[in-house]
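In order of appearance the chains are A, B, C, D, E and F, and numbering begins at 1 in each one.
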Amino acid sequence: MLATVQNCMVIALTVLMLAGAVCACIFKDLISAVIATAFVSLLAALFFFLLHAPDVAMAEASIGAALTTAIFVIAIKKTARSEEE
Amino acid sequence: MRSLIAVILLAVIGLGLALCLSDMPFGANHIATAEKAGRHYLEKAPQETGSANVVTAVVVTYRGFDTLGEVTVLFIAAIGLGMVLYRRKKQEGKPPQPASFVLQTGCCFLFPLILILGVYIFLHGHLTPGGGFQGGVIVASGFLLAYIGCADMKIRHRWFEATESLAGSAFVIAGMAGLAAGGSFLMNFMPKGNFNTLFSAGIIPIIYIAIGLKVGAELTGLIANLLERAE
Amino acid sequence: MSFLFENSYYIAAVGLILIGLYIMAAKKNLIKVIIGLSFFETGINVLLIAAGYIRGGSAPIFSHPDMQAGKMVDPTPQALVLTAIVIGVAVLALALSLAVRLYEHHGTLNLRKIRELKW
Amino acid sequence: MAGMSKIFYLVFIGAGIVLCFIRMIKGQTAADRTMALDTVTTVTTALIVVLAFMLKRAIYLDVALVYALLMFIGSVVIARFLERGL
Amino acid sequence: MLAAGAILTAIGALFLFVGSLGILRLPDVYNRLQAGTKCTTFGSFFCIIGVGIMEPGWFWKCLIIALFILLTNPISNHALGRAALKSGVPLCPKNVVDKSKEFKEYRENREEK
Amino acid sequence: MVNPVLLLAVPLGLAFLTPLLAFISDRIARYVPVAGMLFNCVVSVSLIPSVLNRPIIVQTGGFAPPFGINLVAGPLGITLAAVIALVGLAVSVYGLAYVKEGATVKYHVLYLLLLTGATGVVLTGDIFNLFVFYEILCISSYALVAYSGDKNGVEAAVKYLIQGSIGSGLALIGIAILYGVFGTLNMADIARNIGSTGILNTTLFIALAFMVAGFGVEAAVFPLNAWLPDAHSSAPAPISAILSGIAIKVGIYVVVRIVFTVFGAPSMFMLLVVIGVVTLLIGEMSAFSQNNIKRMLAYSSVGQVGLIVFALGMATTGGISGGLFQIISHALAKSLLFLATGYMIYRSGSMEISSLQGMGKRMPLTCCAFTIGAFSLVGLPPFAGFPGKFMIVRAAIAQQQHLFTFLIALVLFGTIIEACYFFRIVQAAYFTGPREEPDAGKQRREEAPLFALAPMLGLLVFIIALGVYPEPVIRLLDSCAAELLNRFDYIKGVLG
């Protein structure tokens, strides 16, 4: 029972992760795309945790959610925010 | 047209990956025999290196050369970013809005906590998850928070450059010391100590401290360069 | 359904790789392309970790004296992924600084409009 | 009983993540999306603590520590960008 | 002891769910901030403390995590609310009170005087 | 005997120390790459005699090969390391004079790290370690292409970065598949597991395809060379020289090492031959139609890569040593050409070939160096290009197949095209003066500075020496070819 629930959770997280990646692809507002990227790397960190890799989860969490987001946002600040056609 | 070609290429790559992955089923015990590297690490690492965290043992001793390369890659990124953004014209515009009182106070309060957490993570790299790299990133995140909170904060870039330079040299010198001690490059030549205590595992904590300081200084310099807040 | 149960990690990894490559190939905006690059690298990392997983294993850390080496996952891919993550963030930072510089020269990030060198 | 309570935790916290995610997809403004991101980090921290309890390994709590103290930086950065303060 | 911890954790999980539901269902950013701050902080605090009670050896670490959440969550949500206000996200038309507008008018009046 | 690991550790340590040295004085920091490369040159040349018979296996961390990372200092690795150090030394001396403005200290650090990465790639015996050093090489070259920060440089760097990182990602996927299948990362161990049948199953074939496609981006073989002309023509002259002279060769080395040693896949050899010829023809044709001299040189590099891959794909001792000889002679000649071109462009202020008219009188020594480099590249007898091409042709004829005779005819046709466009430049430089006859003041000699002339002269000496007396190098290259062709000796040497 518990195993089934866990499996379902992993499947749901997979779907969410791929949906987040697709969202990052279709959002025209780059800040929104970066937020979707942060979501994806958050979920990736959760995946690493579920695969029993706490070291990697920690690295991915601190890199993906804090640092990469910040670098992206600063770069967007210095360039253009919307994706022009 | 372009996206059609892209889709066809992606289909080929996806098919190839699927074919490969069907050959290595998820969760199978692919390191069953003792001569596989992973099994060897799991069984021998605590005696050979004295580190409770096998990942740390692999990162620092068995594959320490990779780690030296990885630190170098980050060094290149920090220096290359400084070079690409070197002496460009300042962007004109409105001065940024200062942070609110709550945010300023919170950042000042949380900054030392984050630094302590970072130091904790890289000091305990051989006991708990984490290590030099993660700790360095946490330290850099602390500085990032300080930048966000205080609009007029600037760092002395020279200090950070000196830190990263010294830490990198310490890493190489630790490796050379192994060579000089009659072994090989990056050999763990110091006493192993008591298993599962802070002062154990030979040179692993020393190298992790060096990596942590180096990564922290590099990433901080990188962010400061991007924010034009250096010097 | 059991196929999904078995392989959902692999599906996530391959999906991320493919979506990242698609973004890099089809999108025009440079920041979008870099986002695609970060997905691509994340996907590869998930693939590596999933390939190193062993059913019923736990994290490879001997925090208790009575932990058994037989009940642990493979530590090597984790060490590799740590390295790969660092390389990924280095490439990302360099790419974004180049994007900033490119925007200063051209006033746009649309790669189809920047054509001095015949892409 | 213990198994049921674990299922309860997983289902409810996981559903929380899903709901935040839907808001991230729908959200009209960037502020809404950042809001969802911020909430999902909190929820994930709780999920990691619960998972560490279920897997019976104390060392996993370190990951939660990093999550709790570091994740808010991302949303603060985006917030500062939105109020033009960066 | 175990039962108390389990109940606390269950309450926390429930609150986390309700908070997320609020994030999804409430009409505008400012309303969602309510759910996002109060409910989830409360929920995660109880979840983590409950786990700490169930496993007595972990209590102090859990307490530290909970305290960190207690510290960081309000700050980020405050920054977000301010960002939404400054970037001009409109209120939902069903709102009755707009204190920030009142305050702005009050300050403008005072400056005119 | 010196430990080969010093070839990597000393330059890395010097690079880390450079920011500290720059606090004292920028002038000291400028000499760091020179010192590092001089050290590498001496060590690698002194190691050559001792590796000829059996490779030196160096452990790191004190663990035996399948478990720890090991370096394999075989004849091939040490020879390439010596070439890298030699060309790197020459170009770093040139850089002392050429690089004056901008972030010079950062330039020198990155330059040293690029060469260290290249040395690491050719020496390592672990496939993930190879990937890490490859990334060091790539990332520092992305940054260095954008060194001047002008429009073209940044654009070329972005292009290079995107294509290069897709390539290295694909290569990492290949490594992941190999690890998932075999549970090991040591190249010799993987080779032992693959076995000697020469028949790959689907999974291994896909892994091989991923890795060749990934590392092939740096090697610039035909479908993957879109970045090369822009990156090579937009970078500053010393960086163009290093990219053309070293970086591409390292890419070729990786592809060859994977195909020959790790997989031992004879089914790929024919593919390499065909790709080589196609790359050669496309590169030479494109070079012929260029007006920009640096782009022309860059496309000529594509053509030479094709020739080298063609030669290596023949998989006979003669073919491989011919290809390796071509690698060495091309590294020397092409870096000489780029170095000479750098000052010619600097003096004339334009990259158009027509603007080089009368250069033979303005900069006689530089022009002379350029001419000799061009002759060597075309393959005229007294210079280093001749023995290489001769060996390749001989090896192709020795195959005694009609296909190879046809292909070698195509290769010679490519060489003729190459000769055409190089002679065009030589003619422009010497035989067409400016229209209006010179007033005495205008036609003064504007020779390049001494620091730039000395390395060119050094490279020139090597080119002529190799052309006149190639036997010792050929003997060395024969043992390199034996290392590549004999997988089992490699495996036995590493794993015991």
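Observations, loosely collected:
Everything that follows uses one rule, which is that a residue touches a chain if its C-beta (ideal position, glycine included) is under 8 Å from a C-beta of that chain, and two chains touch if they have at least 3 such contacts.
Since this is a predicted model, take the numbers as computed values, not measurements.
Chains that touch both subunit A and subunit D are the following: B, C.
Chain pair with the larger contact count among B-F and C-D is B-F, by C-beta pairs in contact.
Subunit A and subunit E have CA centres that are 22 Å apart. Chain geometry summary: the mean Cα position of subunit B and that of subunit E are 32 Å apart. Between subunit D and subunit F, the centres computed from C-alpha atoms are 49 Å apart. Centroids built from CA atoms put subunit D at 24 Å from subunit B.
Among the residues of subunit D, those in touch with two or more other chains are 17-18, 30, 34, 36, 58-60, 62-63, 65-66, 69-71, 73, 76-78, 80-84, 86. Counting partners per residue, subunit A has 13, 34, 53-55, 57-59, 62-63, 66-67, 70-71, 74-76, 78 as the residues that reach two or more other chains. For subunit F, the set of residues that touch two or more other chains comprises 128, 132, 135, 139, 142-143, 146, 149, 154, 157, 173, 180, 183, 185. The full set of touching chain pairs reads A-B, A-C, A-D, B-C, B-D, B-E, B-F, C-D, C-F, D-E. By the touch criterion stated above, subunit E contacts subunit B in their complex at residues 68, 71-72, 74-75, 78-79, 82, 86. Against subunit C, in their complex, subunit D makes its touches with residues 55, 57-60.
By the touch criterion stated above, subunit F contacts subunit B in their complex at residues 3, 5, 9, 12-13, 15-20, 23, 58-63, 66-69, 102-103, 106-107, 109-110, 113, 116, 120, 124, 126, 128-129, 132-133, 135-136, 139-140, 142-144, 146-147, 149, 154, 157, 173, 177, 180-181, 183-186, 202-203, 206-207, 209-210.
The part of subunit B that touches subunit E in the complex is made up of residues 97, 99-100, 102-103, 106-107, 109-110, 113.
Contact residues of subunit A toward subunit C in the complex are 7, 10-11, 13-14, 17-18, 21-22, 24-25, 30, 33-34, 37, 40-41, 44, 47-48, 51-56, 59-60, 63-64, 67-68, 71-72, 74-76, 78-80, 83-84.
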